[in-house]
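What follows are several structures.
Two complexes, one shared chain (subunit A), two partners (subunit B, subunit C).
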Partner chain A sequence: MRIEFIPVDKDDTLMFIVEGIDATFANSLRRAIMTEVPVYACNEVVFYTNSSPLYDEVISHRIGLVPLTTPEGTDKDSKMVTMSLEAQGPTTVYSGSLVSDDPSVQPVNDEFPLLKLGPGQSISLNAECYVGYGKDHVKWQPGLVGYKNYPIIDVDKQRCNLCGECVKTCPTKILGIEEGSIVVLEIFKCTFCKSCEDACKRLNENEIITVRPMNDKFIFRIESFGNMSTKDLLNTALNVIEKKAERLDQLLNE
Partner chain B sequence: MSEEDMDSPVEIERPVVDRDEKMYKCINRECRKELSINDLDNVQGIKCPYCGGRVLIKLRPKQAKRVGCI
Partner chain C sequence: MIIPIRCFTCGKPIGHLFKTYSERTISEHPKDVLDDLGLERYCCRRMFLTHVNLIDEVLDFSV
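Moving on, here comes the complex of A and B:
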């Protein structure tokens, strides 16, 4: 197996190419990151007062979906964290108003709007945050992961007449003409739409350019919601897969 | 269930209600009084004992309410 990281401008995004795995393993890695990584999220809210126009249930649902930072080494047995919120109207209450009793567990962004309070309205609550998994509820999902097969774009240079139709047709503009031949500029952006193939066939009645997927090479893209860094996310998911494989091995040996 | 069990009255545990707790509010703009069950016992039917307004709203109970983030 060979892994090659692709530089990305955003901090919350990680892209890498994995070679030497099949689609089954690629999908298990995707699922492990999205559903098996333990993160904090609010699970229950105790309301003391709420004279806002929103029902308690609506507010608790909104607080539950606020992503929380999760310290390294968190697991299912990590302690409960309580966040308190007290506000008097008129004001807009944001996630930054939630005061946590553990500084390492905080909303990832202070600017998620929760509710608006009018004059004379107030709210007072305690939010209880537990560690959970994305397979139980989407509020415990730490990010989004997608993968696609690595594309192979072949151009028959001897038969290509450099009409440039494939370059014009490509919706992601990944093809170009350099030094008298068709070149692939950004192969990661290929979506396998095969517009270039169709355009070439229309004009030349021959398959001069072909696009096909590699079955053992994948491009991964991980976007973290901010609960933890993308590299921690990947490491934790790989540890989870390793532990599950060890457990399966142990059970088979018994 | 035997016949004896069916004949015996079933005792339902009812929550203890503080009859002096202000549970309702008159929505008459000039009244807006908060009322307890004892206040309502003093008048015939359901109406505000102060202004006679017939529309009362229930106030939020003082107990904390636990809601799951579903």
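Moving on, here comes the complex of A and C:
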């Protein structure tokens, strides 16, 4: 297995190419990150006062969806964290007003608008945050992962007349002409739309350029929602897969 | 009503970007603002483009 990282100019995104795995493994990694990484999210809210125009249920739902930072080593037995919220109108109440009893578990951003209070209205509540998994609810989903096959873009050099139609048509602008031949600039941006094939066929009535997927090489993209860094997400998910594989091995040996 | 915390489709947290979005779109084109905010997918972009902020309308009618 060979792994090669692709530089991305965003902190919350990780891109890499893996060679030597099949689609089954690629998908289990994707699913492990999205559904099996334990993170904190608010799961129960106790209301003391709420005279805002939003119902209790709406407010609890909104608080639940706020992503919370999750310290390293968190598992499903980690303790409950309570956050309290108290505000007096007129004001917009942001996630920054949630006071957590554990400084390592906090909203990832202080700017999420939770509710709005008019003059004379007030809110007072306690939110109980538990560790959970993305497979149970989206509020525990720590990120988004996607993968696609690595493309092979072949150009028949003998027959290519450098008409440039494929370069012009490619919607992601990854083809170019350099030194009398077609070159691929950023191959990982190819979407397999095959517009280049169509354009070439239309103009030259020949399949000179072809795009096909490789079945053992994948381009991954991991986007973190802020609960933990993309590297921690990947590490935790790989540990989860390893543990599951060990358990299966154990069961098979019994 | 009030901007959702996450994108309905992909789950990306977007609520915290609404203040910047609504302030900047007064003078700028929404496309440029959405690009700057790092919203690439059209599911997240429509959360802003189709949002109607009615919360001020209902503020007087508390339960």
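Heads up, the rule we're going with is that the second predicted complex is superposed on the first by the 254 of 254 C-alpha atoms of A that agree within 3 Å, B and C clash if a C-alpha of one lies under 4 Å from a C-alpha of the other, contacts with A are read in each partner's own complex, and residues count from 1 in each chain.
Please note the rule applied: contacts are C-beta pairs under 8 Å (C-beta built on N, C-alpha and C of every residue); 3 or more make two chains touch, one makes a residue touch a chain.
Note that the structure is a prediction, hence the values are computed from the model and not measured.
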Partner chain(s) touched by A:108 [first = subunit B, second = subunit C, both, neither]: second
Superposed model, subunit A: greater residue contact from subunit B or subunit C: C
First (subunit B), second (subunit C), both or neither touched by A:141: second
Touching partner for A:52 - first (subunit B), second (subunit C), both, neither: second
Partner chain in contact with A:116 - subunit B first, subunit C second, else both or neither: second
Which superposed partner A:44 touches (first subunit B, second subunit C, both, neither): first
Partner chain in contact with A:60 - subunit B first, subunit C second, else both or neither: first
Touching partner for A:226 - first (subunit B), second (subunit C), both, neither: second
Where subunit A meets both subunit C and subunit B, residue numbers: 50-51, 65
Contact set on subunit A toward subunit B in their complex: 41-51, 56-57, 60-61, 63-65, 139
Of subunit B, residues touching subunit A in the complex: 60, 64-70
In the complex with subunit A, residue positions of subunit C that touch it: 1-6, 10-13, 15-19, 38, 55-56, 58-63
Subunit A - residues contacting subunit C, complex: 10, 50-55, 62, 65-67, 95, 108-113, 115-116, 118, 121, 138, 141, 144, 223, 225-226
